[in-house]
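Two complexes are shown next, each including chain A; its partner changes from chain B in the first to chain C in the second.
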Partner chain A sequence: MLYAAVAVRSFRRYSTYTAATLAGIFTNSVFGLIYSYAYIELWRAAPHAGGYTTTDAVTYVWLGQSMIMTVAMWSGGTTDDLNERIRTGDVSIDLYRPVPVLWWYYAGDLGRATYHFLTRGLAPSLIGLVLFHIRGPATPAAAVGFAASVFLAVTVSFAIRFLVATTAFWVLDSSGIRLMSAILSMALSGMVLPLNLVPGVAGTIVNALPWASYVQVPIDVYLGRHHGTDLLAALGFQALWAVVLLGLCGWVLERATAKVVVQGG
Partner chain B sequence: MSLIDVRDLARTFVVRRRNGALTRSRSEVRAVHDLTFSIGAGEMVGYIGPNGAGKSTTIKMLTGILVPSSGRLRVAELEPSRQRTELARRIGVVFGQRTTLWWDLPLRDSFELLQKIYRVDAARHRRNLEEYVELLDLGDLLDTPVRQLSLGQRMRGDITAALLHDPEILYLDEPTIGLDVISKGRLREFLRTLNAERGTTLMLTTHDLQDIEALCDRVIVIDHGTAVFDGPLGDLHHRGESRRTLVVDLVDEAPPIAVPGAETRKVEGPRQWLTFPAGASAAPIVAAVAASYDVADLSIQEPDIEDVIRQIYAGG
Partner chain C sequence: MGDALAAYVAIARLWVRSSLEYPASFWAMTVGSLLSTGIDFVGIWVMFSHLTTYGGFDLRQMGFLYGTSQLAIGLADLVVGNVERIGMQIRLGRLDAMMSKPVPLLVQICADQFALRRIARIVQGGGVLIWAGWAVDWTPARAGVLVSMLACGGVIFFGLFVSFSCVQFWTADASEFSNAFTYGGASLLEYPLSVFPKQVALGLTFILPIAFANWYPSLFILGKHDTTGLPHWLELASPVAALVMILVTSTAWRFGVRHYTSTGS
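== the complex of A and B ==
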């Protein structure tokens, strides 16, 4: 099947850069250490903040580090290729093929995310396990739910990155938009601080935005904070954003290809 | 029934320009207009014109990635922009300056992906791949990542990639750009074979007129968005009122040669350059020169096609 072949090759492609992977794991682990000590102090001052125990909080840190590359928070997914190919006009080659561009890049990004999850995701978490005895998944249901939630997290983040990348059809340099998107992802995903710590209406809002799918939801699922129908509701929240945003991607792509000039001769 | 049918095709682009802090002007640029031609199955057509003439715009419309502003366009009886995916299975596109291969993957992987993209059945894929790998001498390169290939090697890979699904039409955009003379020659030879054996229709845009001379029986010259010439390559010469040159090496230096039907353009020691209309025969001029002068050597230079085309652009 084509999309499986695309995903496998994308996985292989990222796996050729071993040095980058190792350097990345090192960086994630250093940040994991810094955040862990900061969180431990924070939870000493405010025990059970956001409903998390200190162990939960430290687990949150390491899982958060694991999610950074998996959801390509700073960019670095196949959507970067798309952005560059729109800028240079190479996207015309993608359009010459009898394959929907959206699914092509999505399949590639799933392959990439799988690779990043298994390396840049798993390795820092193992270090967290050794150094800080972070928790395992709360229940078998939480473990399965976490896998599903990570998949949906990648999908939502892919859709947002795809939308950002396609702005290159209209603006010549979309690096500003990409930077803004990366900052929004960091702030609103729960990566820097759990969104559950945001009080009042602001908290309700940030927990309803698509970025909550990136980190907050998968980790809460992992920690077993959602049970039964609540677990399904959490996954449903991510799935809803995934469907809405992918639909938007399809619409934008249609507009772009119908109207906009592919740049360059 | 022609394979490619273009009638009164036009494409305008809206260009917005900022005049001041708030005001903007909007103007329309006609990239292509009143373009009409048709290409039959099995033809090899050169599509040439200066930069910005509308070549790429035309190709983009023919392949369906750009919607025409007006006019009629059919390729293999399909309407490209509406039936882009269907059409994509029947055409191949090669860009000299872009690659359809995957940069980080071995050549073999790109070919396998393309098999799946175009849903080529396994037996046919294997047969085609074997044939092209043989013809284009890619055997040793199949496991090399594309980023490590030289330009000539990558180009051969790209051509293979464009042909694995047996397209009826192959569009080539500057296929020989940057290649050395030997690679260019091999590529042209390959394209000739492809056309002769498989009947693949070729449409070639290029700045390298040797490509055209080597491959195309027919040339369409486009300038300022519309065709200014469409016909056999030989007719270009008449159209451009081009001249052939007779180079005469005399035994001794002499004043400029004067013979009827030719003009002496340049004298350098014993060597003189005479020009005469490309349509005229060289025989009487050679005879006249030989009758009146002591000639050591003679040679005739055919008109440079670039000069011919330059004249068309200037006149058009």
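== the complex of A and C ==
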């Protein structure tokens, strides 16, 4: 399996930087602690805000920390490599390969996400478990659903980051666009505060945007807020965005390929 | 000292000029920084759609804590934020070259690639602070404490940035470690210290004196009382904390530089 091989190599590549991983786990844990106490006070003053209990809210904090690197919230991941390769022109080699560029980078990003989930995702959550007794998955169905939801979260995030990276085909410096994209994912994923706490129409809108798949949906699935067909609907929401965005990636790549002129050809 | 400052300004000015050569990029990144550093306050604002006071603080008072915390880290980040890049400078072998130049090492590292866009956090935090300060019952003493708080807050975060980056003299790729203290500290200070357990409050007062960057002087300015039961004179002790921080930082920095043994040796 070619794609499995790509994913495994990518996993290993990220696992080389042990000190960086440990430093990251430490930092995620410190932020987990800070937000746990901040949320405990919030839910003490407003019990059941957003339909969460205090334990739900603290669980939300630690799972949220575990999603930051998994979905590459602040950009990063194989899409950053692509961005750089487009800028330098090395992408022409990628386009030559008898493998579709989109799936090549997708496989690599899945390997990266798996590594980040197992290290920077799981380790801080264990600290949350010991210090705050955070909840386990609500039901076996929620556990399976959570795994599927995290996979879809990575897929949606990959597609958006891929689209951002490919802007380098048209603009000289895409760092501004990348920053804007990071801001959108930070603000609209439910990372800062659960999206269910956003009141009124704004709340409905942010819950329908693709970024909700990053943090809000996986955690709600984990906490068992979606049952039966509702669980399928939540996963379907993510899957729909994944398909639409990946389709868009394919289309953009086609347009870009038509535009690229490789020297000598 | 004067020479060092002049060298800093001279190097920084070069980088500012070079970044202004690409005005579109510069403004995109500055506006981006403005938005990304402002997300947290949007979170606090959304929080207040569910409650009227948080830990005994209303929205404006929370804005006061938020604004002062942002200014403290913002001032330090603008001037010495690049110290986080020591590890990268070591990997690229640039640190050795810097050491052979007749300009203090810290000045060279911090002024290298000086990013004026970091002023965004100061602008954004300052804006919130002005809005929040409108409701404060100002007296000359309170105004004096405000000035001292901003200066001491900047110095305390200067110390955090520099001393925790010294870890990179040993492990070059652990740059994220210091984020837990710098950005983590700033995030923590956005909330009343009284919502955290007493041990945290004591630790941030007597071990790592982050609380002096805004919490204690803010209590004085807002006319509030600490519920942790610590003495009132701490409200005016920020300059002492800043001084201790300078001593610790210069020791840590010298220790780090002395133990630096180039790459590959």
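Everything below uses one rule, namely that the second predicted complex is superposed on the first by the 259 of 265 C-alpha atoms of A that agree within 3 Å, B and C clash if a C-alpha of one lies under 4 Å from a C-alpha of the other, contacts with A are read in each partner's own complex, and residues count from 1 in each chain.
One rule holds for everything that comes next: contacts are C-beta pairs under 8 Å (C-beta built on N, C-alpha and C of every residue); 3 or more make two chains touch, one makes a residue touch a chain.
What you see is a predicted model; the values in this text were computed from it and never measured.
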Applying the touch criterion given at the start, work out whether A:96 contacts chain B, chain C, both or neither, answering first, second, both or neither.
-> first
Touching A:236 in the superposition: chain B (first), chain C (second), both, neither?
-> neither
Once the structures are superposed on A, label A:13 by its partner contacts, choosing first (chain B), second (chain C), both or neither.
-> first
Touched partner set for A:136, first chain B, second chain C, both or neither | neither
Using the touch definition from the top, say if A:176 reaches chain B (first), chain C (second), both or neither.
-> second
Of the two partner chains, chain B (first) and chain C (second), which one does A:34 touch, if any: first, second, both, or neither?
-> second
Give one of first, second, both or neither to describe whether A:45 is in contact with chain B, with chain C, with both, or with none.
-> second
Check the contacts made with chain A and report whether chain B or chain C touches more of its residues.
-> C
On chain A, the residue positions that both chain B and chain C contact, one per complex | none
Tell me, which parts of chain B touch chain A in their complex?
-> 13, 51, 55-56, 60, 63, 65-67, 84-86, 88-89, 91, 93, 95, 98-100, 102, 104-105, 109, 112-113, 116-118, 145
Chain C-touching residues of chain A, taken from the complex the two chains share | 17, 19-20, 22-24, 26-27, 29-31, 34-35, 37-38, 40-42, 45-46, 49-50, 173, 175-177, 179-180, 182-183, 186-187, 192-193, 197-199
Contacts from chain C onto chain A in the complex sit at residues 22, 24-25, 28-29, 32-33, 35-36, 39-40, 42-43, 46-47, 49-51, 53-55, 171-177, 179-181, 184, 187-188, 191, 195-197, 200
In their complex, what parts of chain A are in touch with chain B?
-> 1-2, 5-6, 9, 12-13, 16, 89-90, 92-93, 95-99, 257-258, 261-262, 265
